[in-house]
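Next, two complexes with subunit A in common: one pairs it with subunit B, the other with subunit C.
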Partner chain A sequence: MNIVSQHQISSDLPAWFSEQQKQAWTEFQSVPQPTRHDELWRFSNLKILDLARWHLASAPADVDALLARSRGLSDLAAKLVFANDRLILREIKNLPEGVLLLPLEEAARDHEALFERYFMKHPTLLGSAKIAALHRAQLKTGAFLYVPAGVKVEKPIELWHWSEGDHIAIFPHTLVVCEEGSSASVIDHFFSMNNEASFVAGVNDLIVKADAHLKYIAVQNWSRETTAFHLNTTGVGKNAVATSLQLNLGGRYIRTESNSRLLEEGARSVMLSINPMDADREVDQRTFQDHLAPSATSDLLYHNALDDRSRSVFSGLIKVGTAAHETDAYQKVRNLMLSDEAEANSMPGLEILADRVRCSHGATSGELNQDELFYMMARGIPPQKAAKLIVRGFFETVLRRLEEPSLEKYFGHLLDRRLALG
Partner chain B sequence: MNTLSIRNLHASIGDKPILRGLNLDIPQGEVHAIMGKNGSGKSTLAKVMAGHPDYTVTSGDVLLNGQSILGMEPDVRARLGLFLAFQYPMEIPGVTIANFIRAAVQARLPEGEELEATEYYAKLYAKMDELSIPRAFTSRSVNEGFSGGEKKRCEVLQMAMLQPRYAVLDETDSGLDIDALKVVSSGVNALRGPEVGMLVITHYQRLLDYIVPDKVHVMAEGEIVLSGDKDLALKLEAEGYDWVTAKN
Partner chain C sequence: MNTETKPDINIDRSVGDFRYDVDYAFDAGVGLTEKTIDYICDVKGDPDWVRKFRKEGYKKFLEKPMPTHWASKDLENIVFENIRYYLSQGQVPKRSWDDVPEDVKRTFERLGIPEQERKFLAGVEAQFDSEAAYSNIKEAVGKQGVIFVGSTEGLQKHPEIFKKWFGKVIPSGDNKFSALNSAVFSGGSFIYIPPGVKVSHPLQAYFRINAQNFGQFERTLIIADEGSEVTYMEGCTAPKFETATLHSAVVELVALKGAKIQYITVQNWSSNVFNLVTKRGLAHEDAEIKWIDCNIGSRLTMKYPGVVMKGRRARGEVISIALAGDGQHQDTGAKMVHAADETTSNIISKSISLGTGRSTYRGMVHIPKHLKKCKNNTECDALLINANSRTDTYPAITVRGQGHSVQHEASVSQINAEQIFYMQQRGLSEAAAMSLAVNGFVNDLVQQFPMEYSVELKRLIDLEMEGSVG
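Our next item is the complex of A and B:
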């Protein structure tokens, strides 16, 4: 049975939640498929919407092997590991009192009011409403992190979502709520166990209240045969800072939708993405910087390096609402073209309805700088290695925007491995 | 044989000839200076030797200890022992100095041999101390946001780490104040020795007060028109380049 014809509701979920899932299933069936005439699907590969090939995942075969590979940072506050939409490890090392880190079914059962207040409250505006409805209908588990007011989680929290099995579908979910004045860093790993075809419809929602600080990094390393949607909304409160990074290391076809809402005065959202691309991989990114309050800042920086026949699509909108005076909004997409056959499509957009606004947006495409290459070769570095170092540096400039050396180092190592740099 | 020999070298950029039959021998252990007016072809000579792809060699040869290097890629020439200190060193965003030099040192090791990190950093820090380069520089991107003096010190640091057999210093004095010039010069002087041949390219005699050459050559119209000892530099400073051109 495939994911389009079979709706399976987990018995672990409370009745109120299951009821919502039934409604979502109906919605999924009634929402029309996007077409190429839809602006939000311009330049997209519509083949990814062929969902009938994918089947609901059964329990993972080799839990020990999955756990052995779920190793990220050495120094952590806590870790949850999911495989095929089942929780396989909960490790709480050092979480301050009051912090909740729970699988979604427990949150829905034991903290109903709190969880219900934040769970998928914002509509999916960037093209994949149908996928979001499917996600909501087929969801079994996920991670819920709640950081109470004033609480600072010093060490990072790690989440892992594994897929294992051929032609399976999984629905990873992460919901983070940082209350006033709190802070946390979350690293969300999305990995495939084997080189098998799979489908992912993931949702991550980040709620960052006044004066809170959240860093959220999604490390995506799906198999080369995986089609994945990662749908995000971020809501940022007064003088709060949300920094998110999408590190897309793997996958065959990846579509990300990131909707960042600057809800209150002084809010700041930093939106980063790093995309090393080769073979026939495609990364399709849709973003929305939605300024709803005055004196807020949004700052988007996406760096793509495209080799072989890879292909990128970027479509981003900065919207400065009528109340959002004194806005600072930036959007920069850089494509480093490493092959004549690679293709980059960029559609930056701007809509300003307020006064005293500083905005800039732009997309650039360029090849490797020959003078940089010559300089490195003149030091004895072979051209292929020199090119990799330049690409690595191109990504490093984004990593530095995390402003957290230990995280920069960890993700730097992942990039070294991805680029086969010793 | 232990000589960097330039034989009747002709090179152009596009259709424009710049080097027109240049001959020069730099034995290991000696420091030679090339002086000349702007546009005489000094920097072109440096780039042609290093293998810059914008220049075409139309005839002649460059021999490193008897081996022709003109058919080689720039990185192969560098690994053979040729070093070019750039007049305008490139900025490489996101690549730290430590990683950059490390890749260059690693490239000189035999296939499969890994650089020992502790030894590498010990050597790097020692050389940085000699050049008064603060440790924090290792984590900065190559030349990004550097002052003129910092860039040139970084070039000399690379030279010190790579220990070339022949070094070409292209206008290493340009953009330096007198204090920076002294630091850079003492760094270069520390690398002088019987195993190293150096070619110092400069427009001004000032640098040669600090890096005293064994021989001085004057370049005009893409060739060497006059050679002499270090006193030739003083004469050029006093009388200008027109004296040489008139003499020819």
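Our next item is the complex of A and C:
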């Protein structure tokens, strides 16, 4: 049975939640399929919306092998590992008191009021409302992180989401709530066990209250046959800072929708994305910097390196609402074209309704800097490697924006491996 | 600047707010049917191929949807049944100033188009409603073999050149409004510049609208043969009416090998006009097409001049200034299609939003596969004057392959409060200071206009700004 015709509700979930899932299923069926004329699907590959080929995932066959491969940073606060939408490991090493790190079904059962207050409260505005409804309906588990006011989680928290099996669908979910003055770093890993075709409809929602700091890094390394949606909403409160980075290493077709809402004065949202693209892979980036309060800052930097027949679509909107005076909003997408067959589509948008705003956006497409190549070749570096080093440097600019040396180093290693550099 | 203390800016449009009663010799009535088209063809004495072209355009107009899935919903307020599609003062263009009817002259004089201008402008063709009210080509230009006539005269007297390019740069089915224009077009210019001829003076036409609910659908076709150069200028001012007026022109430019065309528009429609214009140029090898476009006024303007760079090393450029006053929406931009190696395009857009005005930049840059060394540069700057002004930017850029250089930059800013304070300290009124600051913002672009146009432009900006602050 495929994911479009079969709706399965997990018995682990409380009744109130299941009831919402039933409504979401009805919504999924009634929301019309996006069409070519939909601006939010301009330049998109609509084939990815053919959902009937995907099936609900059964339990993973080899849990030990999955756990053996779920290794990231050595020094962690805690780790949750999910495979095919089932929790296979919960490892709490060093979490301060009051911090909740729970699978979603436990959060819904034991902390109903708290969880319900934040769970999927903001609509999906960037084109994939139908996918979001499907996600909500088919959801089985996911990660819920709650950091109480004033609590600082020093070490990173790791989440792993595995898919295993041919033509299966999974629905990873991550919900992070940082209360006033708290801080945390979350690394969310998305990996495939084998090189199999699979479908992912993932949601990550980040709620960052006043004066809180959150760093959220999604390391996406799905199989090269995977179609994945990663839908995000981020809400940032007074003088709080949310920094999110997407490291899109894998996947066949990846669509990311990132919606940052600057809710209160002085809020700051940093949106970063690194995309080494090759073969006939496609990345479809939809972003929305929604300024609803004065004196807030949003800063978006997306770097795409496009080789072979790969393709990128970037569609970003900065909207400065009527109340959002003194806004600083920036948006920059750079495409580095590495082949004659690659394609980059950029639609950087601005809608400004307020006053005293500093706002700019830029989109560039260029090739490898010939002078840099020449310089390296003159020093005995073979051209292939020199090109890779330039691409690596192009991504380093984005990594630096994390402003956290230990994380920069770790993700730098992942990029080195991805680009087959030393 | 503080929002609360900032004075409300209103626009004084009374200068253009006048109208004289004109006895319309030919009137196609209200609304559009196949009969209207037959009527237009009969009155104008169109050849059969034009009648066929018009009817095909009409069919496409009915088929095409309104582009409201991306464009302003305000388009839905156009009631096509209430519009007059053809009006004419008389069929034969007047040759000399003396032949122009007295009341028409009064309209022009009120607009401040001086007769003397004709002396240093190569030829003047002023469009009054649908037909050319007069056209006067200087002998020198005519001797060079330059053809500068109305589109009707062009298709009748020069069918061999006209037919070859007419509707080829912008097919009737390009969009709903180009289809509408194809069905009911009248007026506009046809210009042909023979090979190697460099027209030293700009060719100029003034356009006017003067009938309530009257759509003006002029059609201009300019062909610059190999190695020739021409500058064409159009200026528009329209009297103010109570109900909306539709203006939907189609302008096609063809620059053959090594030719240069510069097309300059300074426009000041009244604030009830829907101005929906399709403008595109086809640039062959080493040719250059430059659109200089200034949009002031209208209720809604949608205009994205484009260049298809078909030949190697062709160049396309759009320089655009838009000023959206209270209640107005300037939806302008540019379209650059690179279709050959080493083609270069440049887009510079500056917009100013006043009061509840909204200015939108919409751009398309397309570099398809297997091309080499194409370049595009796009810069969009927006200036917001009041707290409730609005600006949007929606570019779409597609690049395939390496070896190209494409960059887009946009910024939004306010008038610098310190600048205003400084100027006020030195005795300028707030309005004068604002006006000066706005003129400063667009100054580098205004410099690109021919002298008499940059003067006119500054006057138009002053007109919009002055008497509206404080």
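The criterion applied here is as follows: the second predicted complex is superposed on the first by the 422 of 422 C-alpha atoms of A that agree within 3 Å, B and C clash if a C-alpha of one lies under 4 Å from a C-alpha of the other, contacts with A are read in each partner's own complex, and residues count from 1 in each chain.
Rule of thumb we're sticking to: a residue touches a chain if its C-beta (ideal position, glycine included) is under 8 Å from a C-beta of that chain, and two chains touch if they have at least 3 such contacts.
In this text the structure is predicted, and so the values were computed from the model without any measurement.
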Q: Kindly classify A:389 by the partners it touches after superposition: subunit B alone (first), subunit C alone (second), both, or neither?
A: first
Q | Residues of subunit A touched, compared between subunit B and subunit C (which is higher) | A | C
Q: Have a look at where A:397 lands relative to subunit B and subunit C in the superposition and call it first, second, both or neither.
A: first
Q.
Contacts for A:370 in the overlay, against subunit B (first) and subunit C (second): which applies, first, second, both or neither?
A. first
Q: In the overlay, answer first, second, both or neither for which of subunit B and subunit C A:92 touches.
A: neither
Q: Please indicate which partner A:279 is in contact with in the superposed arrangement: first for subunit B, second for subunit C, both, or neither.
A: neither
Q) Looking at the overlay, what does A:323 touch: subunit B (first), subunit C (second), both, or neither? A) neither
**Q.** On subunit A, the residue positions that both subunit B and subunit C contact, one per complex
**A.** none
**Q.** subunit A - residues contacting subunit C, complex
**A.** 37-39, 42-43, 322, 325, 335, 337-368
(Q) For a test of understanding, state which residues of subunit A touch subunit B in their complex under the given definition. (A) 369-372, 374-383, 385-386, 389-390, 392-397, 400, 422
Q.
Which stretch or stretches of subunit C touch subunit A in the complex?
A. 1, 3, 69-70, 369-370, 382, 384, 386-414
Q. Where on subunit B is subunit A touching in the complex?
A. 50-53, 73-75, 78-79, 83-84, 86, 89-95, 99-101, 103-104, 106-108, 114, 141, 158, 162
